[in-house]
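Listed next: structures, encoded as structure tokens.
Each of the two complexes below includes chain A, the first together with chain B, the second together with chain C.
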Partner chain A sequence: MKTWQEITSLKNVKIWVLIIIGLFLLGIPLFASQFLNYLMLTFFAYAITVIGFNLLFGYTGLLSFGHALFMTVGAYTAAFLTGKFSVLYMEAILVVAVIISSILAALIGAICVRYIKIYFAMLTLAFGMLFYTFLLKFYYLTGGDEGMRVLRPYLLGFNLSEIPKMQYLTRSYYIYTFVILVILTFVMWKIVSSPFGLCLKAIRDNPEKAEYLGVSVKRYRWYAFIISGAYAAIGGALLAPAIGQVDPGLTYWTHSGTLVFMTLLGGFENFFGPLIGGIVYIFLQDKVMSLTTYWRFIFGAILAFLVIVAPGGIAGVVSSLVKKEKRDE
Partner chain B sequence: METILNILFSGVFNASTLFLVAAGLQVVFGVQKVFNLACGSFYALGAYFGIVVVKSFVAGGFPKPLFIAPLIGAGLLLGFIGPIFERGLIKFVYGRDETFQLLLTFAIVMMIEDVIKFIWGTSPQTMGGIDLVYGQLNVLGATVPVYNLIVILCSLIIAALIGYILLNTKFGRIIRATADKREMSEALGINMTLVYVKVFTLGTVLGTLGGALVIPATAAVSEMGVELIVLAFAVVVIGGLGSMKGAFIGALIVGVLKSIAISTYPELEMLTIYIIVIAVLVIKPQGLFGGARV
Partner chain C sequence: MNEEKKMAILSASDLRKYYGEFCALDGVSFKINEGEFVSIIGPNGAGKTTLINVLTGLLTPNTGKVFYKDREITGIGPEKLSKLGVARSFQLVNIFPNFTVLEFLMVAIVSRLGKGTNFYSSLLRNQEVTGEALEVAKLFGLEEKKNVLAKNLPQGDKKLLDVASAFALQPEVILLDEPTSGVSTSEKNKIMEILVSASKEIGIKSIIQVEHDMDIVFSFSDRIIAMHQGKILADATPQEIEKNEEVVCTVLGQKECFKIFSTLLKR
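And then the complex of A and B:
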């Protein structure tokens, strides 16, 4: 039998908090408005993307300014499969998205991981823009700047086309996306706390030393690139049916900037930072956009503030406050 | 023959403004080691401000053909925003990780884009074809607007001027010394703060001037900065980060390629440029003239 102390020990408390937050998020459709549900749905899709992105940015120390590329690959996979090939099974879409994005990430990554810092950022930006112009110019294939429509996919083999659209999105699709987010977050947690994840951190902090200790730096960076690419594709594939329409703007370099912004806002040094950043970004954007059309200015100012004053993001600020509290005691 | 000449001229015209923005990017990267994404936004601001100044110049009853003078004046004058951004934001991230420097300039891009929308709205703005006041010239059967030739000339003069400043003046020597070894120049008693302000202002002026010069021949839209920065980025990558010679050659390559692609295979326009960028980064990441200082 477990003692009371064991149950309330710090590690268990954290797990309980996570479970409660999880149940709360799952329960939102029961009481919140449809619009709020819809925002949450977008958040789930972005959350998967940024949590993968942070494996590259926060854990490996590589800033990709073209990561939206993989998100777009996922989104267009959903559009192609549902629209052109009449494959409506969401599971099939996700599998295909992961396969395509992994192959693409393996190819692009093989080139990119040879460089770090500014050169890595520039190369990824160039690839993102290459894909953007491809989508834009080959309009007979991709619909050009109008993009493509995404049909409503089956979930777990069930054809749900009878239910009204918003109900489908905010109930069945909501839960479906949420479960995938939880699974993928758990997998990512396992990845970063595995020896592999520790190697990535070692590479970030001191690549020469890591290499000296026998860690193949480039190979590990490459793995991280592929994993984060696959995560982004899953995020994109899940986002596509929610927005119903995909267009090349998804892979424009400023959208990649948005992903970096979310990660930085929440805190790239914390495992849950990107998730916090994603939810704050999406709700804040909605709020600010309803107040003014000049939301970019406000977000630019927030980003500048973050970079200069609080590079650790929300999670960084909170953890430093907690530490201060402890010191004062 | 005529078409080839036409393509070539429009390519060189593209290149001339592209060079100015890229040169602004290079000089700041060379000295401060900050990759300034906001260069494109300065270019957009220069364009809009140029329109305002020229329109009021014409409305004031001044002769139209003289519009080039206030246009250049507008570009130069707007450079004063350089010190504001440098002192107000950029100075806080010197010595920080490149990632954060890049993100800070991205924040400036977001802010300037909305400032433009706030002041000038979202509809495209033009000068109403004022550049045609100079007429067109027949060069070996190809018709070229004279204004475009003036811009090309201006750009060449500025390029020569930058070259002269960098190589033959005290300020130029300080810039090159700082780009090479910052600590050493500081130890020799150079006021770094002042150098940084001056260099950033120079970078800004090059951007705003580029925007002001290009705008009589085209239309200003609020996204032009975001679009141009990726081109300028292609230029500096091809030419080599931090190299002025690289900016010059890179701008020519990108400008001419762009106009060739537009007139032959429009689908491939930007695609070819990005493929070249990636090829250069893969084969020779320091660029064609990398390693050479500013």
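And then the complex of A and C:
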């Protein structure tokens, strides 16, 4: 039997806090408005994307400015499969999205991981914009700037087409997406706590030293690129049925910038930072957009403020406050 | 033992390295045998660090070849070299600042055991990796600081940790670029003694070091390679180097020259 001290140890407290937050998020549909549920659903899709993005950015030290490409691959996979091939099983969509994005990430990553810093950022941005142009110009295939419709997918084999759309999205689809987020967050936690995760952090901190200790720097960066690409594709595939229509704007460089913003806002040095950034960004954007059309100006100011005053993001500020509190005790 | 019969573990033949017009290595050839502790000495700009960088594959020479045992390793690159059994430490402290001592050592062990592509198992629950990291930390007297971040260690310990991580690879040959630079005089001997005992414990066959401190060079080396302007001026035992007035004065400068001859006079 566990002692009270064991139950209230720091590690256990953290787990309990996570469980409570998880239950709260799961229970939101019971008391919140449909609109709030819808915003949360969008957050879940972005959360999966940024948690994968941060494996590349926060843990490997590679800043991609074209990561929305993989999110778009996931979203268009959902559109193609549901619209053109009548494949409505969400699980099949997710598997295909992971396969296609992994292959694409392996090809693009093989080129990009040879470079670092601004060169890596510019290359990824260039690939993102290439894909944008492809989606825009091959309109017979992709619908051009009008994009493609995404039909309502089956969840776990259940055809839920009888349920009203918002009820479907804010109940069944909400829970489905949330469960996937929880699973993928747990998987990512395992990855960053594994020997592979340690090697990625070593590469981020000092690639030259890592190489002298036998770490295959480029190969590991490539693996991280593929994993983060697959995460983004899952995020995109889950976002697509929620928005109902996909268009090339998803892969425009400003959308990649949004992923960077979310991660910086929450704090890339903390595992949960990107998730915090994602939820704050989505709700803040909704609020600010309802107040002014110049919302990009406000967000620009927030970004400048963050970089100058709190480069560790929200999680960094909270963490330093907790440390200060402990020191004062 | 007859010198000719000893097995060469690392050798270089006619290495030349140019930085533009400047010739940093000018026809350098030598052999390092199993069981030797070799020091490379010379004034600043003699080409010592360039030589280490060429030997460890970080730089590719313009001409010449490097061999590890019978295998050519010229320009092979640090990662492959470490897997073959050659490791190095750096002149300037080269660490992962945000890693604890234990995590730092675990990078080398994970890499040596080929567990780097283990995506899913918990690192901290891996007894083999954590146990070995702790063993290496003990060897270098760092076990009490195992949870301290590398950036918060004193300078001497940072240097030790850098070297310890190279030792954790369990190489056959280790190249140490000024292992005691930036460390207080009182700590230098301690560090060298730790290095020698740890190398015996781990089974390192040969140590090659670049060093400026002549007390350390003459106390620990089996052989000394003296360099000047990219060339080898002398390759001999410490006793022979000590007797070579011209080489000593050319390579070590007036201060060391005076110091060594004062010591000889006292004897």
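Assume the second predicted complex is superposed on the first by the 329 of 329 C-alpha atoms of A that agree within 3 Å, B and C clash if a C-alpha of one lies under 4 Å from a C-alpha of the other, contacts with A are read in each partner's own complex, and residues count from 1 in each chain.
By definition in this document, a contact is a pair of C-beta atoms (placed from the backbone, for glycine too) under 8 Å apart; a residue touches a chain by one contact, two chains touch by 3 or more.
Since the structure is predicted, the reported quantities are computational estimates derived from the model, not experimental observations.
In this superposed model built on chain A, chain B and chain C occupy separate space and fit side by side. By the document's definition of touching, of the two partners only chain B reaches A:M122; chain C does not. Our angle of interest has its tip at the CA centre of chain A and reaches the CA centres of chain B and chain C; in the overlay it is 80°, to the nearest 10. When both complexes are overlaid on chain A, the residue A:F43 reaches neither chain B nor chain C. In the superposed model, A:Y176 lies in contact with neither chain B nor chain C.
Looking at the shared chain after the overlay, A:L130 reaches chain B, while chain C stays out of its contact range. The larger set of touched chain A residues comes from B, when the choice is between chain B and chain C.
Once chain A of one complex is fitted onto chain A of the other, the partner contacts of A:A301 are limited to chain B, with no touch recorded for chain C. By the document's definition of touching, of the two partners only chain B reaches A:F138; chain C does not. After superposing the two complexes on chain A, the closest approach between C-alpha atoms of chain B and chain C comes to 15 Å. Once both structures are placed on chain A, no chain A residue is touched by chain B and, in the other complex, by chain C. Chain C makes touch with chain A in their complex at residues 56, 77-79, 82-83, 87-88, 90, 94-99, 103, 106-108, 110-112, 115-124, 126, 129, 162, 165-166, 168-169.
By the touch rule above, chain A contacts chain C in their complex via residues 190-191, 193-199, 201-202, 205-206, 208-217, 220, 223. Only residues 63, 65, 111, 114-115, 117-119, 121-123, 125-127, 129-130, 133-134, 137-138, 253-254, 257, 260-261, 264, 293-297, 299-301, 303-304, 307-308, 311 of chain A touch chain B when the two sit together in their complex. On the side of chain B, the complex with chain A involves touching residues 35, 89, 92-93, 96, 98-100, 102-104, 106-111, 113-115, 117-118, 226, 230, 233-234, 237, 241, 266-271, 274-275, 277-278, 281-282, 285.
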